[in-house]
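Order of writing sets the labels: A, B, C and D. Residues in every chain begin at 1.
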Amino acid sequence: MKNWDQFLAPYKQAVEELKVKLKGMRGQFELDSSPSPIEFVTGRVKPIPSILDKAQQKGIPLDRLEEEMQDIAGLRLMCQFVDDIRKVVKLLRIRNDFEIVEERDYISHKKTSGYRSYHVVIRYPVQTIHGEKKILAEIQIRTLAMNFWATIEHSLNYKYKGQFPETINTRLQRAAEAAFRLDEEMSTIRHEIQEAQAFFTRKKETKQNRDNDAH
Amino acid sequence: MKNWDQFLAPYKQAVEELKVKLKGMRGQFELDSSPSPIEFVTGRVKPIPSILDKAQQKGIPLDRLEEEMQDIAGLRLMCQFVDDIRKVVKLLRIRNDFEIVEERDYISHKKTSGYRSYHVVIRYPVQTIHGEKKILAEIQIRTLAMNFWATIEHSLNYKYKGQFPETINTRLQRAAEAAFRLDEEMSTIRHEIQEAQAFFTRKKETKQNRDNDAH
Amino acid sequence: MKNWDQFLAPYKQAVEELKVKLKGMRGQFELDSSPSPIEFVTGRVKPIPSILDKAQQKGIPLDRLEEEMQDIAGLRLMCQFVDDIRKVVKLLRIRNDFEIVEERDYISHKKTSGYRSYHVVIRYPVQTIHGEKKILAEIQIRTLAMNFWATIEHSLNYKYKGQFPETINTRLQRAAEAAFRLDEEMSTIRHEIQEAQAFFTRKKETKQNRDNDAH
Amino acid sequence: MKNWDQFLAPYKQAVEELKVKLKGMRGQFELDSSPSPIEFVTGRVKPIPSILDKAQQKGIPLDRLEEEMQDIAGLRLMCQFVDDIRKVVKLLRIRNDFEIVEERDYISHKKTSGYRSYHVVIRYPVQTIHGEKKILAEIQIRTLAMNFWATIEHSLNYKYKGQFPETINTRLQRAAEAAFRLDEEMSTIRHEIQEAQAFFTRKKETKQNRDNDAH
């Protein structure tokens, strides 16, 4: 039997540290008076029963969890717009406090279930009283609509253990499409407002120039 | 001149306490394995320049801020679904740790600007080293789509000081309608999935009964 | 078997809220530029094995824990000086957000073990999604020297299960006396410095008066 | 004039991160069931007036603050025993998440004022949205008695601007000596109890061996 407290301690520490670090990015945008691409940051250590379930399902021996289970420490970054996801990924890539091990783009290539999200798996060095320990952590980046869909799917999965009846499956597919449309619509609004802003700013500048010429 | 540090201290304390209290509600739903109507909780004390702006705009003398400005302490509760907003308001009404002074329903009656949100103004007792001090605080409850729209309007307001050019205004109205449609669509999906779930559960039960009869 | 998660949830919530509330008192003294009688605030929910041990030892049936075990939720306030303890107790007595059920003064009347501390047992109303729930909590107020001694005794107790060998017992008694002397010495220094300050302030004032008279 | 918000932002971020990191060390000792050499962790960013005062006093031009003022970000680790200070310093030295720039041992070589403490100046990399920024931070490690004395001196300094009248100065020297004696006494008690424990353990083992031999 595993000593779970000892095993999970560096993961808990990593989640605490990464929450403070990633929430800090939000504050830095506010200070620049530029809209933050990150809306919310959440984090959690995977509950022990879920670790055991996943290990069995994927055939991971318990003494290989450290190397083979990537989401024991999980962080989630929520964005307003699909475009923001790329910006956030770029910000993660320039950080020096962890190493990116893998990126999985379920936005360009959504899962057959309809799941969309961008996953960045990192190797994060935790400093312990016995020295440094590198652990794997997964950062999920998604819009609020993607998160909405994933929450529904997760709770249905929990109930039906992945064996959805056909009717539910159809509804879930339609929910995925609707969530996708929401994101499209959000982007359209943003672009329209940005264009209107730019147009208005140009007109004002032209008018000022004309006024100046009149002198 | 006001001693702002002294004046704002109980408001800061109230925001800290209310954040812990309202986030706690989320955890209680998780414990009951029932979906939380609250997705995120945020809180802030209004920055001094915004207090001064608003006081001037509304003609509130600085020595009447305590009684007349209701949102110096502000909390925001974000929901996934429009229906959740009512549930959250009901949960606030049964609490004994503050008194509800006023409710403003900008969802049934949205502002002409397009703003939708439910505001609950409370009188919250802060215990200080000099005795109890009751302060006003405003809790805003809204869906993520309403929050999205309000964020855009807030930043445009900040830029144009409330004087939007016509083009922007049109776009903003359309954004408000789109945000409204998003919320409708979200609700439809939720109902469909709930119905499909109920239907499937009934079928399974009927089948089980038939199987049992066969024995 | 008890559902511990459900049972302990309001205690956890209470500890989180009380930590924010009591730490807030510290900040209020700083704002007044007057030295805070509270140095540190810590809090914890009693671990389940300790609850079971204590229940067995004291003959408390598990379905009577709520009424009969007072320290499942525990807060600790550390002071620099023995005199500060009275001040802190007075501050607790004027608060309206809980009701004091019992006070136990192990400072005037230290335990035979040598233990010194002031305990305030409160009934604290936690607002849950199912309504209000009043729980018991214990606030321990002590100086850093008292805390030092209690930490040593606690870890020895843990090791020897309360059956100290005679030699250790003697040492522990001497440690208790030393901790007591430390507190006395601290107080003396404080009084001396306060007197010297007052004396110096008087002299300066007298001198200023003389200087003023000369004009 | 400096943009203080921008300037102080990475220092604030560093203090938040380091608080989580250093508090984590405490938790790791608890998990090992071994007494933590760290009792409390506190952190703060130096208030702007104090930065200006110190800059003037030490002749640091405001555009050289980053390189020449080492304690804008300050962390403090409090220990129960003088011996623990060395242990904590060793733990800091093995960490890879910052670089130690300087160590100042005011314990072996106390300041003429009587000040005792161990200072570790570090260069800590903060990851910002504009890339990495290395800032200086000071970690002070001291016992609770040293902290007690430093608190008194700090508040007197604040009052008398470093120009103590002779009487106060004498009292402060005596307070420093008393704080020193307290630490000595604490250490003696610890050693005595450890010896008594070791002695008792040996006796028990010998007895067990004898008992075993008898079989």
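Here is the rule we go by: a residue touches a chain if its C-beta (ideal position, glycine included) is under 8 Å from a C-beta of that chain, and two chains touch if they have at least 3 such contacts.
Remember, predicted model here, so these are calculated numbers, not experimental data.
The chains that touch both subunit A and subunit D are none; no such chain exists. Our note on geometry: subunit B versus subunit D, Cα centroid distance of 43 Å, whole angstroms. Subunit C and subunit D, compared by their mean Cα positions, are separated by 23 Å.
Within subunit A, contacts with two or more other chains are made by no residue at all. Chain contact topology: the protein chains form a single closed ring, every chain touching exactly two others.
Residue ranges on subunit A touching subunit B, taken from their complex, read 35, 40, 80, 144, 148, 151-152, 155-156, 159, 165, 167-168, 170-172, 174-175, 178, 181-182, 185-186, 188-190, 192-193, 196-197, 199-200.
Within the complex, the subunit C residues that touch subunit B are 5-6, 9, 13, 16-17, 20-21, 24-25, 27-29, 31-32, 91, 94-97, 125, 127-129, 131-132.
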